[in-house]
Amino acid sequence: MATLDSKIPEGPVEKKWTNYKSHVHLINPANKRNLEVIVIGSGLAGASAAASLAELGYKVKVFCFQDSPRRAHSIAAQGGINAAKNYQNDGDSDYRLFYDTVKGGDYRSREANVYRLAEVSANIIDQCVAQGVPFAREYGGMLSNRSFGGVLVQRTFYAAGQTGQQLLLGAYSALERQVGMGAVQMYSRHEMLELVMIDGKCRGIIARDLVSGKLERHFGHAVLLCSGGYGNVFFLSTNAMGSNVTAAWKAHKQGAYFANPCYTQIHPTCIPVSGHHQSKLTLMSESLRNDGRIWVPKKKEDVEALRKKQKKASQIPEEDRDYYLERRYPAFGNLVPRDVASRAAKERCDAGFGVNATGEAVFLDFTTNTRRYGNIEATKHGHHNLPDAEIMELGRGVIKEKYGNLFDMYKQITGVDPYQEPMQIYPAVHYTMGGLWVDYNLMTTVPGLYALGEANFSDHGANRLGASALMQGLADGYFVIPYTIGDYLSTEIRTKAISTDHEAFAQAEKSVQEKIDKLFAVKGTQPVDYFHRELGKIMWEKCGMARNAKGLQEAISEIQKLREAFWKDVRVTGEKDEFNPELEKAGRVADFLELGELVCKDALDRNESCGGHFREEYQTEEGEALRDDEKYNYVAAWEYKGADWELHKEELKFENIKIAQRSYK
Amino acid sequence: MMALTGLFLITFLIVHAGINAMIFFNDGGETFAHWAHFMGTNLIIRTMELVLVAGFVVHIVDALLITKHNKAARPVQYAYSNPNANSTWYSRSMGLLGTIILLFLIIHAAHFWIPNRYNQFTTGEELNLFTRMQDTFSHWYVVVIYVAGCFSLFWHLMQGFKTAFQTLGINHPKYNPLIKNVGIAFSVIISVLFASMPISMFFNLVH
Amino acid sequence: MSENNMKITLKVWRQRNNKAKGALETYKVDEVSSDMSFLEMFDVLNDKLIREGKDPIAFDHDCREGICGMCSMYINGQPHGPLQGVTTCQLHMRSFKDGDTIVVEPWRAKAFPVIKDLVVDRSAFDRIIAAGGFISVNTGNAQDANALPISKELADRAFAAAACIGCGACVAACKNSSAMLFVSAKVTQLSLLPQGEPERQSRVLDMAAQMDAEGFGSCTNTGACEAECPKGISVSNIAHMNREFFAAELNKK
């Protein structure tokens, strides 16, 4: 069994990164020009890494399956990005951000990585502002901050409800600048379908041109997977329709260990499912929890009336409402971390208090804070004794200023005006903390293959805090990989570009071709989406917000059966040498059908509850997650072995934070 | 260029309409003749006349070039389109309206400007434009053509006046309503004024 | 109130590839729920087509929450359909009636060639950004973010321009297939901010030159772009860009 070397530098945690940077190998500019780097994915991690590496002089190729790098799903992140700037003078520091992240992750992340993340977080804001990212500002011209779940300081920078979009467009513009200068070659509408290995090192990829259907060979001294998370294994998630695990999964099958796949994050504030046609779920930013109060009725008869639409939420008096988060967690109230808020909603709905026809929805109510803002506005403008209706109108103006686009989106999707009636929300799969195992350099267990952003497992432990995904993606791309890649590439300066006529490329291309032919050869009866939906149902029911051993065992065998059915009965229409979205989907779902099993296996193997992984067998008397630090204080890294997987463990050492049960009470 | 020449042509319209309005003094065209004589003989005005012709030519040629360029930008047309949902018909029909105005302009020039200048060149004498107007506008079909020309001019100005400012980069929330309202008022006044001339002459309201 | 049994007739542009000739084909979709998004209705239709052994309709889509800008579709004569201020993925069937016939075509512009069915190639937009839609600041060069105060008003205006999702509805709606709204939004965003000042003049000239080279038409101020923009980008950006352009032209050596 190979041991996992996380390559954490020596020294105290706050000095590690500085020391590392002082000693890491450098490459002279002339040599950089001969080193080729392939980047898969053009989201925050991919675009920022590609731009930064090209600026350094490396030859970079970027691949994305969308029609433009600007479409990557980072764009959909709404709420904000964390940074330990302490602009609000409220006691923030690198250590606090580090501490909050480790605690929020339920003590299942690697200290050194998280500290580095906190350290570079401030630089990200500087870099983005310099690029022209229009963050929200105060009247004095300074940057504005808001607070987010799981923390007690205001460190989240934002651009209305479109922070991800603005950050991505910043990274995209930096990327396009390099494209314009010829330093980056951009391959849009291309999908990576295989990793090419030569002498135990990653040396390139096979990609399919999605327009012509042709398979292409590309050489690289190193390959960076920035291909995002695997939330779509649940079919319904807040991910984009095209988000997939294929690139990471191909890498996994070539020897990259997959770490902590069972750490999946369920986001508490999503728009509930409306019917069987549902193709995806839409997130309502967590920032809404700053001003929204979550409740369900106390009385069952009110629940019944709501479900039958005989009553409106606004008609239920204050004393008959159960603000269950405020009741259970007085210290953090509605701002508890995502996993806690999600499970609490499930608990109420399971108990029969769900407020819509499906019984799977709770209210997110802005009335209290609308009134509060209205009063502030009235006072500001010197109005006294205004009638309540006018105060509410003033308050709605403030709410609109803060969340206008989210309220519009909610109305658009549901047809209900959230300024008048509270929103209905329910948890949905949103983010995956698990991913390819990487060391401190962000290199996977395959030499020359790196994983950045959501595609790796690294920084969030068992649960990610709000506004930290954008931070991690950009930290990895702008400020970590430009240094750490040198550690490997400095040993590669003598490696000349390998011809793509090399046998390994031919072999890899052949195997991809065979897989595509195999998909067409099934000629079954069911569309790809059918299998994806079925997989999603199994995953959501048995490996979703709450899991147990029996369910997981069932899930594993059901997924195996479904996989068999897929290869017997899937129908892929069209041809291979043309633009064929069905073929793309089929390949991705085939990979999800394998990954799903590993997620369940990992969940079954981890006999504890932590963060996004909640095992019903392991909970406190109050129903909180119960970790087992004796036995499970490790990263589970799975090695692909064909028919099965082998588990490798990276022990986690907490030298700077006292490990404790998370409490948000 | 379209905007610059457009605004220049608008200034011409002001002068032209102003002087022609002198017929409404009902003094048998005396005041009008005075100013027409001034316009026909003043050296600066005569020089500006050449600039005006150039202005028309540039406006028209540029319009043709842009239209050609814009047609090429969409080689395959939509099978079904509902442009009224997002824009006004006259904003999309500047070319058509402009063409109608051009046709009208040729007829109009043939009625007054060309014979007058021709006469000036050959005899050194100006024609009596007032009586010529009375003659010309005694035919109902001429009046109809002129009114149609003014109608096109109205819609052309409705779009052209305000968007000339937009094209030149003048767009400010404070001044936009002003530009818009002046544009509407200008379009109405100029067109109604022009149209009222042949109509009133036809009905012998001016003499 | 939601309804589950709408019957919709679709006339959809089918075109095998860029070289092939296309035509409208008629499809019927039953049991359409008013809560479905327009794209989910297409999912239902494609599911049916696949089960019948026919080629499903290719259309671009990704995030399905109105922000990635990938979905397109010219629906009943309007980009992103009859509802203003939304993308096709956020257009729901409650905007239509039982028995409606809906015509769906791809964006049409020389600069947006059709790839298949309703899918077009919008990489011209990327090339315009690559020509100048950026601020040249290498990673690591930045000063402290609060060292440069920017008034809230200016930041808000820059943000309003930066909200563009690059979907191309402006081009699709414009009778001239002009990309002025898209280009001007980026020019405006970067020219308003002090960070964008050093490259202000070269940026507008380079982006405009690339825009022309791509084969987009010229702006004739019909305002259709603004009316159809799902993010409400204002034509005042076009005036702003014109201003920037003239200033840069006059200053050019």
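We call the chains A, B and C, going by the order they appear; numbering starts again at 1 in every chain.
Just so it is clear, a contact is a pair of C-beta atoms (placed from the backbone, for glycine too) under 8 Å apart; a residue touches a chain by one contact, two chains touch by 3 or more.
Being a predicted model, the structure only gives us computed values, none of them experimental.
Just by CA atoms, which chain is the most central one?
Given all protein C-alpha atoms shown, the central chain works out to be C.
Taking each chain's centre as the mean of its CA atoms, which one is farthest from the centre of chain A?
Of all chains, B has its centre farthest from that of chain A.
Return the chain pair with more inter-chain C-beta contacts, choosing between B-C and A-C.
Per the contact counts, A-C leads.
Could you work out how far the Cα centre of chain A sits from that of chain B, in whole Å?
Each chain reduced to its C-alpha mean, chain A and chain B end up 63 Å apart.
For chain B and chain C, what's the span in angstrom between their mean Cα positions?
38
I'd like the Å distance between the centres of chain A and chain C, where a centre is the mean of that chain's Cα atoms.
26
Could you pull out which chain C residues touch chain B in their complex?
Going by the criterion above, the answer is residues 11, 13, 24, 74, 76-78, 82, 84, 103, 105, 108-111, 173, 175-178, 215-224, 227-228, 235-236, 238-246.
Which stretch or stretches of chain C touch chain A in the complex?
Going by the criterion above, the answer is residues 2, 4, 16-17, 33, 35-37, 39-41, 43-44, 46-47, 49-51, 53-56, 58, 60-70, 85-86, 90, 92, 94, 115-116, 119, 121-123, 125-126, 129-146, 148-152, 155-156, 158-159, 162-163, 165-166, 189-190, 193, 195-196.
Which chain A residues qualify as touching chain C in the complex?
48, 51-52, 55, 66-73, 75-76, 85, 87, 123, 125-143, 159-160, 162, 164-166, 169, 172-174, 176-177, 179-180, 186, 188, 211, 238, 240-242, 274-275, 277-280, 282-283, 408-409, 412-413, 415, 478-479, 482, 525, 527, 529-530, 571, 573-574, 578-579, 581-582
In their complex, what parts of chain B are in touch with chain C?
On the chain B side, the touching residues are 66, 69-70, 72-83, 85-88, 91-92, 94, 159, 163, 165-171, 173.
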